[in-house]
């Protein structure tokens, strides 16, 4: 299946002191913050803005993360996070991310996350709307 | 004024990789996480448990922080955070903290925080109850 | 293979405000901080203390994380993190974690992490010592 | 004294889930991460790039933070952080920050930080160079 353009995102981040640890490199957990920022902008682009989430009460919730650490980023590095929706069915979809250092083209991190749409506060999973991921016309789960 | 025993707290923490930065020392912001943990246990001890906060809707809210960095802690250090209520009047009280490394007795950080009791979700400040800080018999701000 | 006692760990944590997000539950990334604390104490117990790491220059490095989010923890919850080494071969070993809420016995999170022993600053992977995981007599990778 | 243009900075940030807490607002400690990002870009602009810090071994180190919390930011808010050098003498300089929500012009947070230039790894404070803050021609502290 072809992935529509609005299901791809690319964000940038500069590595700050608070992203690194005493090993001199970016701490392993921090990449997931970089990835969550990319995923949030992807969600907004796909129609799940903060306002829309508040209106419908339907939240995208991470149910599984797989992340592979290949190379380490350092203080001051400029990184790019590329993400795209890769699979979907029923109540779940998968997003893949790569963290790349454009200055030398090195792939640092690969990550896959499964998400579900969950109606809050009941915590009830909601089926992906027809036309997902091209269309995300949510109706509050009714 | 004498500070009652339940208005003092002492907590311990071991410095983890994610607390340090590429400078090889604990990142300046991280000490405020250590201090917030101590302050939360102090609040519980003084009668502001999470349950009590939920029941009354009255939250202790930080309105000002002053923190002085004197010496740096390192990976693996065992630290002690000592806190105590030092001043109170009207709608505000102050808590002082020291972060100490017991192995060599060095004082690393001093911190003062002002807090207000705020009734949520209205965001309305509430007067400290009579008998504060020895007594924190909150009544939902009525 | 039987897992020796020193290859199991159990740590506790109380959920603080800074662990939660506006959804009212513990943020998905935060569980990995809880797990890293447990893994650090496990490493110390197995012979990889901070001092030993400094002496040998051999660091345990996370190369892959898989984490499944099953149920959400809330502000004030007391959680237990159980971890144990489950597989090892050549230059890699796997550790499994469960995050449990003892008050109701609910399993919140399951996690598996692959780690390698890496000689720094060269970044050269080192073979697990003979007798691993019962014995971790590191010799600086010579 | 007039503050030169390169001693002023303005950065933007969008509030993510991981910036908020169960109170539904940005956690008090998180503003200091926003401020540190602004301060890092200010340092780069003034001549203290990561490369320059590595070359000279002279790091800008926070010695005191004062922060006042006036209003709370929420999930999804777009915030602006304005910073500028306001005082300097001998071995210390002060930077002031305001965190503003441009959509309604509300001032959320005010902050002042004292910094020293410290030669690492000795930890020796270094006098501000002549011409500071307009000129930051560091020479490794010789």
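First chain written, first letter: the chains are A, B, C and D, and each begins at residue 1.
Here is the rule we use: contacts are C-beta pairs under 8 Å (C-beta built on N, C-alpha and C of every residue); 3 or more make two chains touch, one makes a residue touch a chain.
Just so you know, these numbers come straight off a predicted model, no measurement behind them.
*Asks:* Considering only mean CA positions as chain centres, point out the chain farthest from chain A.
*Replies:* When every chain centre is compared against chain A, the largest gap points to B.
*Asks:* Given the two chain pairs A-B and A-D, which is bridged by the higher number of C-beta pairs in contact?
*Replies:* Most contacts of the two pairs: A-B.
*Asks:* Need the CA-centroid distance for the pair chain A / chain D, whole Å please.
*Replies:* 29
*Asks:* For chain A versus chain B, what separation do you get between their C-alpha means, in angstrom?
*Replies:* 34
*Asks:* Touching two or more other chains, which residues of chain D qualify?
*Replies:* In chain D, the residues touching two or more other chains are 17-18, 23, 29, 33, 36, 75.
*Asks:* Applying the document's contact rule, which stretches of chain C touch chain A when the two form their complex?
*Replies:* 23-24, 28-29, 32-33, 36, 59, 61-69, 72, 120
*Asks:* What part of chain C is in contact with chain B in the complex they form?
*Replies:* So the residues of chain C touching chain B come out as 14, 16-18, 33, 36-37, 40, 49-51, 75-76.
*Asks:* Which part of chain A faces chain B closely enough to touch in the complex?
*Replies:* 17-18, 20-25, 27, 29, 74-75
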